[in-house]
Structure formats: C-alpha cells, structure tokens
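Next come two complexes built around chain A: one with chain B, the other with chain C.
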Partner chain A sequence: MEPAMEPATAALEAESQETPAPKRLGETLLSVDDISLSFGGVNALSNISFEIREHEILAIIGPNGAGKSSMLNVINGFYQPQKGRVSFKGTTFRRMRPHVAAKMGIARTFQNIALFKGMSTLDNLMTGRLLKMKRNFLWQALYYGPAQKEEVAHREAVERIIDFLEIQAIRKTPVGRLPYGLQKRVELGRALAMEPDLLLLDEPMAGMNVEEKEDMCRFILDVNDEFGTTIALIEHDMGVVMDISDRVVVLDYGRKLADGSPDEVRGNPDVIDAYLGVSH
Partner chain B sequence: MNATLARPLTLWLLALPVIIAVLGLALQGLAAVNASVFFAWSYFLEVLFAGLLQGVMYALVALGFVLIFKASGIFNFAQGSLVLFAALTMVGFIEMGLHWTLAFVVTAGVMVLLAVVVERVVLRPLVNQPHIILFMATIGIFYFLDGFGQTLWGSDVKVLDIGIPKQPLFVLQGVFEGGILVNAFDLVAALVGAVLVIGLAVFFHYTRIGRALRAVADDHQAALSVGIPLKTIWAIVWSVAGIVALVAGIMWGSKAGVQFSLALIALKALPVLILGGFTSIPGAIIGGLIIGAGEQVAEVFIGPLFGGAIQDWFAYMLALVFLLFRPQGLFGEKIIERV
Partner chain C sequence: MLYREAGQFKTSYGSDQAIFPIRQDQIGIALLLLVAVLGVPALAGEYWLETIFVPFLVFSLAAIGLNLLTGYCGQLSLGTGGFMACGAFFAYKLTTAFPELHVLVVFLLAGVGSAAVGVFFGIPSLRIKGFYLAVATLAAQFFLVWMFNKFDWWTNYSPSGVISAPPREVLPGIFLTGTEATPITKYLFLLGLVAVLALVAKNLTRGAIGRSWMAIRDMDIAAEIIGIRPLWAKLSAFAISSFFIGIAGALWAFVYTGSVEALAFQIDRSFQVLFMVIIGGLGSILGSFLGAAFIVLLPILLNNVPAAIGLQMSVEMVSHLEFMIFGALIIFFLIVEPHGLARLWQIGKEKLRLWPFPY
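Presenting the complex of A and B:
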C-alpha cells in the first residue's frame, strides 16, 4: 500500500510550492454535533462532530465501512441518528427529513447512481427543479399561461447546467442508456439543478477513468468557484482528495480520527495507521 | 393539451373508422365463405358498439391500476377490492338513508382516508423495497379489504340504483332497417368514463405532479433527494385511485349488483393494461375499447368457427400476442435494459 501513496504525495508537494489565493470561507453552514447511529448492534457512527463552512470543499475519507456514506445519509435525513443533532443555516434538527433537507438547499448524489433511468437527461435535471416550482398544482391547472412561462424559465436554468457540464449531446437520451461516467455527470447535474447551498457527493469519481476523473474534478472546483456552493464529498482517490479539498475529515470504524487541512491530515500518525496498517 | 397525450389519441380517432371498415369487410368475406357465420352491417355495428361500451367499463377499472403503477411502479393487486369496498360503502351509506350524491361524497372521503391509512401502515415502512415486495403487500391489502368490507356491510348481494336509465335505445334508424340497439346505461358509462379521463389528464398533464410521479416510480431514494415528498405523493395517488375505484364500483355495481365478484373484474383489467401499457392513461382507455370490442366481435362472428364461448379467453389471447411483440403496450414507456 505504501508505495501507492507516494506518487500522489509527490505531486501534491510539487503543487503546494505555488501558494494559492486564500479562499473566501464564510460562516459555519452546517454542523453535526455528537452524532451516533447504530443498526441493531453495529455502531455505524459514534459521537461524530464536525462542521462545514460556507464555500468550503470538505472531503470525508476513511476505509470501507468507516461510516462515510452513513454520515451523508444522516445529514440529508435518510438515516435518523439515535443521538446528536444536525444544524443547517442556523436551524437545529433533532430529526432531519429528506424533503426538508432538499427544501433548505441540500442536494446530493449517490454512491450507486440513483437516477430516473427511464427519463431523458433533460427530464432528470428538470426533476431537480420541482421544488423551485410553485407548489400548488391546482393553481397551475387554472393559470396555464403563467405556469408555462415558469416551465420555460426552469428549462433555461437547466440548459445552463447542461452547457456547464458539457452534456448537450445527451440531452434527450434516456439516462439508462448512458455509460457510467456520463450517468455520474447527469446525477451531478440534477443536484446542481436544485441550486443547492450544500452539495453532498458520495464518491463522485468512483469507477471512472483518468480523463473522466479530471473532468469531474474540474466541474467540482468550478461549481465551488463560480456558484460558491459548499461541497462535502466522499472520495477514495487520495490524489484527488488532497488536490481539491480545503479540509479533510477522517472516519474509521464510525469514529472521527482527524479533522484538518490536507497537509495536517496526511501527517497524522493515526490516519496513516488506519489507512496503511500499523507498520512499526 | 399536452402533445404526448393528444397525438396518439387523435391518431387513434382518425384510424378508428378505417380499422372498423377493414374489420367489417374481413368479416363479411368470412361470412361469404363460411356458412356458420352470419354477417350484416347493422348487426356488426351493433355488436361493435356494445363491445366498445363494455370496453369503457373495463377501462374504468384499468385506470385505477395505471395511476398506482405510474406512481410506484407496482401492480396494485388490491385495485379490484378497492372497487368492491367503495361500492359496498356507497350502498351502505345509501341504505342509511343518504341521497346518492351525498353518499358519493362521503364514500369519496372514506376512500381518501383509506389511502392515507394504506400509505401510513403499508407503504411507508416499505420505502425503498423492491417492487415485488410492495406487490406482495397489495395482495395483503386485497384480502384485508375484501374481509373488512364484508364485515362492515355484510356479504349479501346488493342493488345499487342511482337512477341511471337502463332502457334500450334504437339509433341510426334512418340508415339501417330497425336501427341499432344501444343500451342507455352503457352510454352513460361512456360519458362518465370520458369525464373521468379528461379530469385525470388535466390533473396529471397540466400539473407538475406528472413528472414527480414518474420520478417516484423510477427511484424512491433519488426522488427523496430532490425533495419530492414521497408520502404525500403516495397518499394523493392512492386517494385518486380510490375515487376512480369508487366510480368504477358505482358503474359496475349498478350494472351487475354489488357483490364479491366485483373484486374479480380486476382480472379483466389485466389484458387491458397489457394492451394499453401500464403507465398510460389514454392507453387504458384505448386498451379497454380494443378488448371490449374485440371480445364481443370475436364471440359473435368468429366464435361459431370454434363452437362459441371464446369471449372468456379472447382478451387474454390478445394480451399474450401483445406481450410477445410489444411488451410495453401501445402507449407504455419504453423498457430500457442495459446489460
């Protein structure tokens, strides 16, 4: 395992020579406080606390089964923790609900792509706009004109995202037919269509080849840069993590091992032990 | 009107006279070579018309299936028992002395309540389970409703009369000698069916709920993540399906009496769904018309070749042929499978 780390580390050291412009980090956007989650007797998460600040890119890393996906599921309300709280934009939730999370501006992608496979790329992205549309269905039935105008406006927003992600060519293709890498991109597009404040990405680069990974990295950085979207992502590719994240949280067996800048985390002996095994 | 809905409908309406003419000519030819088949144009049209109107009755039941299938991707086995339960409840309220209009409103309320309970007790705990699990759950709902309805309202055969005229009418007397015999009740049923379909079409195509429905049917988790309130959607859809079942129950109940066998007309809706596609509201109507007309015409004109009584299996035969060549039905969504 150890040699595998070296190239990424070397690349990073080369890059950290040039000092990047300081990022405009804002207030705390989301904080999780003392979260514990168990399934039956298995503790998926124990007493996890951390926070995500505005405009930040936070990476959650850890070995398989460390509880990373569970953490995202707690944040957007798929799982209800037995203990702890999630605060988002100053509101504290004992139990977060998925549609409340979505309404408040948390969008996400999944480890095993969850797209609407029978629908076209465009329709998939349009589902991301559902919450932005007027909620009263009967009202729309009465006022077809304004409702149609609204549809057109949303369509424009979606087209901008399609341009941004360079998926114009597959606009009308049912996503079930797309190759894996493109499906991942469409899934990101659907999340972006929600114009989220916080974007949760569960292994956005899993199973991709080098070019696809580079594209995805570029999109993530651009989203963060252009729209100021805060991003929390889970990723196994250490090179990518060290490259794009502002801060890294390390989980292992449901506990938090470390929390800090990529450089701090890389030097943390606990993290090295967890990842590479103890090699005294 | 929504283009995806309007186009196949107008196409079919244009094609219909042609299909009827070709069918009539073919049967005329058959009658010419085979003495056991009797053919006359007025008789043919009479049979065809009766069949089409019978088809509307099938379509009324099939609609309920389509609604739930669109929203959850499950075949709701309990739809037949919803029809029975709604009809029983309606009769029960009328027997209590309510006017039928009031009984209709109260029963509709009961169906909405039932939908909320089904969502809370059965569907919510099964979020994110495979479709087959939800299908099994609907089998449970079928037996529960079947028993519950009869416990509440008794198991006797009941008469439901809300004043729909039943006398036969003779139309087109100027064209054919003696005219064509049409049942007034079936005409009312067709009218009710048309109103129901237009109402549903407006509900699902003019409103955004349609896209949300498809999303929910496709992937629960993803639907939740974009903020579609799954539980609300399910409750709405089961409520609408319940009210459609109520309308179907009233029509079938007034025609054939309110009894246990109402729950089994669901079986007749099955070939309708296979023909029309499980996800299409116009498909349910056109599937119903084809099945209804097809089985009547086949029984009367082709039946003699086989010694009769082909009405019972003709619809299923037709469905089988469709499954072989067009498994998604006439208007169903394309089935995409990546291997």
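Presenting the complex of A and C:
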C-alpha cells in the first residue's frame, strides 16, 4: 500500500526520490536480551531477545495475546521482567523506570488512547515537553522573564509539530471532544513533542479507515525520514507492516518466532503456520 | 455581538498565551478591579465589608488552594479545615514570638509551614486515589484540629483555648488586626493579597507545573510515560495547595474573625470549601471565586428575602428554610451544570458572541 501523498508532501517525496538516500541504519539503539515476564502462572514473554537499530522502523507483529504490548511495556519500564536486560544507548538496565525511559528519549503511544482528556491539544503537546522545561515553580509563578521566554520557545516547537501533523484547526479544542482518528494523531504529536530517539507506537492504526491509515503511515514515514527517529510499532494490518517496516519481529505465545526483513518473515513457514494460519 | 473577538489578531505566541487574550475580557477585569478598589469601599458600609466581602475573599483564597489540589491535580482532599488551622496557629505562634515581624511575612511563613504539613499528609496520595485518599486526608483534618485543641502551647496557654489576633500594623500607623483595624483596611489588604495570589495560582496552572498536575489528574499512566514523576507532581500540588489554604486560615483568624479556636476549623469547614470548589467549577480559578461568592452570599440573601418581601416568619423557620433552599440549589446547580458556575460563565460568553442574533 502506497501512502497517499498530498501535493506538498508529494513534492517532497519526489525530491527525495531523485537522490535515493540510503537508509541511515546505524548502530544498535536498543536491545532486549533474554527477557522473560510472567503474571502469576501466565508466561507473557519467554526468553525474548532482539534489537532495534538506529533510524529503522521495526514492526512487532503477532496474534492477539502474543505479548507485543507487554514487550513495549518492558521496554519503557512499565513492567519489570523477571529475567533479562534492556540496553538503551549503551546503558544496560535491570529495571527500567518510566520516567528514566522518558528522560533517555523513549516516547510511546498507547493502544487505547491515553491522552489528557480535559486539556486542549496544545496543552497535551506542551505536556510532552515538560522534561525540557527547566524553570522552577517560582519563575512559573511569576510567568515573567525567563519563564515566559521558555514557554514561548516551547510553544514554537509544539507549533512545528502541530503544523507537521496538520492539526492546526484543533489546537485549542479539548481532546476529549475530538474524533478517534484525530486523538490518535494528537497522541503521536505528544510523543513527538518529547523529541524522542525511540518512538514506540502501540497499534497506531487500530480502528481507522483507509484514509486515516494512509495519513498515519505518511506521518510515521515522515517522522522516520525527517527526524531520523527510530520507530518500533505494533500493528495488525499486514499490508501496512510489510510496506513501511524495515524489519519485523514476530511473537507468538510469548516466544519469538522470527526476526528479519518483511520478505524473509513472509516466507518463514513458522510464521505462516502460527500467525497467518495453517491453510496450505 | 458585544462579545466578539473578531478583528483581534494575535501576532506572537506570548500574546496568545495571555490570561485574558480577548480585549473585552481585559476591559472587563480592569473595570472589575477598579470597582473593587474604589467603588466597593466607597459604597459598601462597614457591615457589608465585614460580613460579606472579607469572608468572601478569605474563602476565595481557600477555594483556590483546594482547587489547585482537587480541581487541577485530581487529588480529593477533606483536610482543608486542618490546613487552615495550621495557617492560623502557625501565624499566631510566629507573631507572638516575633512581634516585630511584618504581618504579611507572618502570613507567608504560616503558609510555608502549612505547605510542609500538607506535604506530610499528602504522602498517602502516592499509593491511594479518589475516595480512599479523601478518607486518608480526613486523618489530617481530625489530627490537626485535635492537636491544636489539645496542646495549650499552640494558644500560648490561653485558658479558653481561643487565640486572639494581637494588633499588628500593615503600614506604619495603619492597623490590620486588633480592635483599631477598620474594615476598609482589612478589605483592601485582603483584596490586594488575594488578587496577587490568584494571579500566582493562575500562572502556575498555565505553566509547566500546572500541566504536570493536570496530566496526573487526567491519565497518570500516560503522565509517567512523558517523564512526570507522580511523587513530585502530587506532593508539589499538596504543598502549594496547603500554602494557599494555610494563608487563608491565617487570614480567617487574624483579619476576618480576629479571634478563633481550633474547633472553628472542623470538618464542616473542609466540606464548605469543597462545596465552593465543586459548585464554582473544578479546575478553574474563576470558579473558586464564583463558588466562594455563592456559598457566602446565598445564605445571607436567603436570610433577607422573607423580610424583604414582607413575609412574617419566625427566626427558626427562616434558618431551616435557608438550609433547605440552599441544599436544593446546590443539587439544582450540579444537575444543570456539573462543571460548575465557571462553565456556565463560559457558555454564557459563547452565547454572547452572537447575541442578539440567532447566528
């Protein structure tokens, strides 16, 4: 599936096609090593290892209950695995913590939208920049001088993201009132506002129609292309996964079945059996 | 038609982020402040200043404090009375120990002391939420009132357990507390202090710290993912909320009543302030003022209505009716607009943009 391009971005695309820049795949950004996680007697993940390289788009796929979301939760510190390690940017963690992950540059979106419903789109995105705001509360109480300059500077950064995601019209709307597709987009915006090095997207296209999916694909590819952000995403739409991802990791019942380029994974008999069904 | 922002363009993010970005609002608030500073002292008599405007301002401050905690950070608290008592007794101990300290400094320090107490009693909020937290804050309420009541040290061993504000000057020769204080001094001092503190509260809520509170309120999991530490966000909300409430308590004791005992800050007081916040509007500074006005003014109004329309009723009848009508009005408002008077005001403004034309 080729994402539909609007004129402006189509022009950009044409430009980049003239010089087919080699994909800037770099060093290993994050690696998970021998992760096992169980809830009581249920093994959500067992001995999972894989790595995410800089600037790539990695898709994690698998049937329902395969442990995909648990994997993301382990990466950004929501779940503490019983066994295994997570290394990010050369630092190895036995126990990752959500705020440490945020500080080190991991952002994520959720399968069920987790926006701040009472706040406007603008405030949601500004919240994404909290870690970058340095003035203490006494300056904020005055809202003057350095504190105000800081607010305006971050507002400018947020406005660039608003322009990028084409959500200018809903800037001041409380997000609780927005339709589902836009909420997903705002959530992506909030994650982008953190200027992350690694972006974890948990089913960014779930429940969307074709146009919305195409838009979302375009945004994901643009983020990856323009900012060089590494992206790990969970997605069920195979067309999308095979199209946009550089590598695919397949999970099933908490085990890793396959890991490789979309074509390799598509041809892997285990994957065909477990994920796409034994129909041939 | 009257209230249209058409033609008012914002050319910088700074001006777009102003508290009152619309010119009509700027004019309105300027007029309101002008009336409050010049008009009210000139027109309102001593009785009005002392029984309506002074308690209204004190309660507004307490409501702002609770609103920061409950409305913005989502932590339900029933400890307001206890924290007000902290402010009152801390201020009393400070000003009797250091009589030369300026009264404003005393109030601010009392607020800081209350903030510390607030942080201590806010620690359970790290593990429990909602109604369970409300019950935990009840412990603060009962413990603090008990402590101030039980230990004579807090009242400087006064036999009655009542503290009386010693006379203190706000400016040389102008007394704010004690018998020589005039209602006008009290009113103007309160007006200035509450206006400044309300501005501080507004600034906090529209800045980074306020957004971190609201993030915790709306979705604490997502807030953590963004890098907000629930510990800091919740405890800072408790601290700043208790700071405001503590100052309100000190003002209550020193400026409004002049003398007070710990039992004046019992659970009723906590509920009173909580009702102000709920009726005024959770998560709105304006709502805190509206809620305080509603709760302070309405009983007085209801009290005077029967006499005004010529109904002869016994005093008990009037006071019972007052309670019934008051309760019914609270329920009515909550059904009509659960988001409080502040939201009604918002809706009113939206309507005014077109009025009197249909579209």
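In the analysis below, the second predicted complex is superposed on the first by the 247 of 280 C-alpha atoms of A that agree within 3 Å, B and C clash if a C-alpha of one lies under 4 Å from a C-alpha of the other, contacts with A are read in each partner's own complex, and residues count from 1 in each chain.
The rule we apply is simple: a residue touches a chain if its C-beta (ideal position, glycine included) is under 8 Å from a C-beta of that chain, and two chains touch if they have at least 3 such contacts.
Because the structure is predicted, anything quoted here is derived from the model rather than measured.
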Label the relationship between chain B and chain C on chain A in the superposed model as either fit or clash. clash
Give one of first, second, both or neither to describe whether A:Lys213 is in contact with chain B, with chain C, with both, or with none. neither
Looking at A:Arg266 after the superposition, I want to know if it touches chain B, chain C, both of them or none. Which is it: first, second, both, neither? neither
Of the partners chain B and chain C, which touch A:Lys184 in the superposed model: first, second, both, neither? neither
Just to be sure I read the superposition right, which of the two partners does A:Pro174 touch: chain B = first, chain C = second, or both, or neither? first
Return first, second, both or neither, reflecting whether A:Arg108 touches chain B, chain C, both chains, or no partner chain. both
For A:Asn76, decide between first (touching chain B), second (touching chain C), both and neither. both
In the overlay, answer first, second, both or neither for which of chain B and chain C A:Lys256 touches. neither
Output check: A:Glu159 vs chain B and chain C. Expected answer is one of first, second, both, neither. What do you get? second
Given the options 62-70, 98-106 or 350-358, the segment of chain C that clashes with chain B spans residues 62-70
With the touch criterion stated at the top, can you tell me which chain A residues are shared between the chain B interface and the chain C interface? 76, 78, 98-99, 101-103, 107-108, 110, 114-119, 123, 126-128, 130-131, 133, 137, 140-141, 147, 190, 194
Touching residues of chain A toward chain C in the complex: what are they? 76, 78, 98-99, 101-103, 107-108, 110, 114-119, 123, 126-128, 130-131, 133, 135, 137, 140-143, 147-148, 151-152, 155-156, 159, 190, 194
In the complex, go through chain B and note every residue touching chain A. 202-203, 206-209, 211-212, 214-215, 218-219, 221-230, 333-334, 336-338
Would you pull the chain A residues touching chain B in the complex into a rising list? 76, 78, 98-99, 101-103, 107-108, 110, 114-119, 123, 126-128, 130-131, 133, 137-138, 140-141, 144, 147, 174, 176-177, 190-191, 194
List the residues on chain C that touch chain A in their complex, please. 12-14, 17, 200, 203-204, 206-212, 214-215, 217-219, 221-229, 236, 240, 283
